[in-house]
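Chain lettering (A, B and C) follows the sequence in which the chains are written, and residue indices restart at 1 in each chain.
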Amino acid sequence: MNGAAEALLQVKDLRVDFGAHAVVRGVSFELFEGETLGLVGESGSGKSTLARAILRLLRSAHGSVEWRGKDLLTCAPAELRAQRRDLQLVFQDPLSSLDPRMRVGDTIAEPLRVFEPGLDANARARRVAGMLERVGLTAAMGARYPHEFSGGQCQRIGIARAMILNPKLLICDEPVSSLDMSIQGQIVNLLLDLQRDAGTAMLFISHNLAVVRHLSHRVLVMYSGKLVEIAAPDALFNSPRHPYTKALLAAVPAIEPKLKGAPAALRLEEPPAAVRLPAAGCAYRERCPYALPVCASTVPPLAEATTGHWVACHRSHEALIPLSLPA
Amino acid sequence: MIPTLSIDDLCISFPRHGAPIPAVQGVSLSIAPSECVGIIGESGSGKTQVFMAAMGLLASSAAVSGSIRFEGGDLLSADTAVLNRVRGSKLTMIFQDPMTSLAPHLKIGTQLAEVLVCHSGMSWRDAWSSAARILARVRVPDPKRRLHQYPHELSGGMRQRVMIGMSLLCEPALVIADEPTSALDVTVQAQLIELLRTMRGELGMALALISHDLGVVAGLADRILVMYAGRIVESAPALELFSHARHPYTAEMLKCIPSLSGPRLARLPTLAGQPPQPGEQLEGCAFAPRCPRVAARCRSERPLLSPAGAAAVACHFPLPA
Amino acid sequence: MNGVGSDAARRLRSNPAAIVALYTMLAIVALALLGPWLNPNNIEALDWLHVAARPGLQSAHWFGTDRLGRDLFVRTLAGTRVSLGVGLLASVVSLVVGLSFGAIAGYSGGRIDHFMMRIIEILSGLPLIFFVIVLTVVFGRNEYLLFFSIGAVGWLTMARIVRGQTLGIRRREFIEAAIASGAGPGRIIVKHVIPNVVGPVIVYATLSVPQIILFESFLSFLGLGIQEPHASLGTLIAEGAGEMESAPWMLLVPGGFLALLLLCLNLFGDGLRDALDVKEA
């Protein structure tokens, strides 16, 4: 990406606690204009919480989110609302992110009402109709209610609402996870098209590694509230350095091994529930086949192993023996 | 040899505003003893309803016709007493969301032991010991302690193991697994698929695995049925389906799965349109609006499921083998 | 009517009890409003020739007269008008106040919610009849006092209900989406929270009308509410109670009207709740 340019979004040491549990434990990263950043992790990794914390939809315990020079976490509420124009969110459950009592046209028009109140009704209706068609629906559908649409259509409506003001950053929280497989590709392609046309940067959160692989410029891997690896897709998927990333990739059920007659996934332990995090050291060490005593005492820092490839592992510089398949 | 499960021309419809909406239209299938059959389909395919009918769990408003036979006995016309002897012991089901399928107010041990007490007439003490044994069998660490825990104290993957254990307690002939891993992470999913494979190896029960995820089914199924809009559109041995799918829907679906290896794509492969909404009645083939191989005949005449070697396909112009 | 509303309307139409109740209520309201034209008698006119006369369609007084010779038909209808008026007015006031209060408390959360709920709890704790008596002593008998005291109690439960519903809605994704779209709290409460809590609120409002009418009747029965020569169903029942043995129609007529009205309101409210609830599930 454009290394010389100032980053659009800079997250620094973000921490979010839910009561006594630390769900996001010190996350830092940058996002550049027009870039698609993929964020992968499983449930309990804190990725959805991170997305909401960045947008200050919930309270963070520590850290800063620099957005075009302002810290979103400490600025005044009015300033925050003004910035929301350029920071939009697409939700995981398409139906529940739409107000069931509002016509979808009104839902899509809401950002216009908030940020362009001077717009008269006709102009607004035209913009909404244009957006509906842009996302593959028809203008007439604006008069209907969310429950009359399928999951994929609801997600298109959610995307229309998010994109109507041409935001600079679109955060997508598992936007296709609840959709049928044949529809997922349509929605992802729609996001890619809109992004390309508007130059929007995207933070694409998903547990689906294959989808993330295809559409990201860079990928962040999150485990137990921390980033454990950051790399470009080719580097990450072809030569993962963190043991968790390797395990994640090995666990994806693929059709190809079946065809080749190879045995399937590895034997892996349960990810620990948040309450049972090891008190010190690396959060992954209890599941890690490569753990050393140092892993129990010191938290590995996220360090650059090769250019653009960051890993948080004490053994990242070693050529580790590949994980073997069970007997 | 009597098939473990034999479904013949099953039709299920639900009333909406008075008119019946068909969910399943003329489905026939059979599962042989110890066979693992994968049932693939998206929303609206009816795949779950077929097996809910077998378990007698359909909504009371559903209109059902056809026959479902389990080990020779008719399930649809059986009265509740007969059905209750079979369900939970010889014919069991694992549901998608273990949080809602396990009773939140009862201990794990109680729920497991209850199955044995009801079906095998065991004493509670013996049932608890058997429960501990089954937990060990499904690789739940520290089983004796787990018996005294409540579902909310366990993680999703652990709860699902408990569900699997519960389904295996009475050595069933058939286990129906309805999207057993959809709510779980990929690493946990991998373990559970492995567990199901091991259990099949040890106990030899038949398994009906319902999923929308082809990868999950690939790991376990001997034979795969593909359902679309309430009907079976393709049936084939697993390897054959993945290497030479005959129905255009199956072929397109396989193309839609983004891969972890292979070149990165600028756009994901996709299938245009969406599955028909329940109640949308179409002339001819239900897949015609989305099919890349569609012809005039497809829109007027509905293709029937016809055998093609070891497989069967419902298409006027199936892909060549 | 929006999509959800028309679903509910259809379900309501298929509920015979609710429909019968609705039409009966409308009939009573129509009768109460049109009464004066049907019968020329005046509510205050004293007919010395027909004191405590029995009801009869042949006589000049269809429902009979009371101890002072006043026509019961007109008085009952007048009383119904008053009771309905009070009931509706107080319901509307409690709806508006309770809705705003509850929505703001539920949406704001934290200290604001805490503070607002304590206000409700304190007000709930006041013994209402005592409060009303004290006010009557201080300000004298006044019909406006009646409305005030009913309003003072009516909105409390409504506020609690709305707050509860709001708390349930607060965490739903479409509210988060509205916040993420830059909408401020005012807009969210008005455009998103209130339309989504309106179901149970309307049901409760409908079911609270009978309570309010009953409360007004009770106050009037005690002599604290509507004063002579005006009548409400409560005052009429009070008078009738005194003549129960000699002129039972004096009690039965207004009592019957009140009972019928309350029954219909309750049935309709129940039907409304069933019609709306199914969709919420």
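Criterion: contacts are C-beta pairs under 8 Å (C-beta built on N, C-alpha and C of every residue); 3 or more make two chains touch, one makes a residue touch a chain.
Bear in mind the structure is a predicted one, so any value in this text is a computation, not a measurement.
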item: Overall pattern in which the protein chains touch one another (line/ring/star/complete/other); value: line
item: Chain pair with the higher count of C-beta pairs in contact (A-B, A-C); value: A-B
item: Chain A and chain C: spacing of chain centres that average the CA atoms, whole Å; value: 52
item: Interchain centroid distance [CA atoms averaged], chain A/chain B, Å; value: 31
item: For chain C, residues that touch 2 or more chains besides their own; value: none
item: Complex interface listing, chain B residues touching chain A; value: 42-43, 155-158, 184-191, 193-194, 197, 212-216, 218-219, 238-239, 242-243, 252-254, 256-261, 264-272, 274-275, 277
item: Interfacial residue positions of chain A with respect to chain B in the complex; value: 42-43, 150-153, 180-186, 188-189, 192, 207-211, 213-215, 233-234, 237, 247-256, 258-259, 264-268, 270-271, 273, 326
item: Residue ranges of chain C in contact with chain A within the complex; value: 2-4, 172-174, 176-184, 187, 191-192, 195-196
item: Chain A residues within the chain C interface of the complex; value: 52, 55, 57, 81-82, 84-85, 87-89, 91, 93, 96-103, 110-111, 114-115, 144-145, 147-148, 158, 161
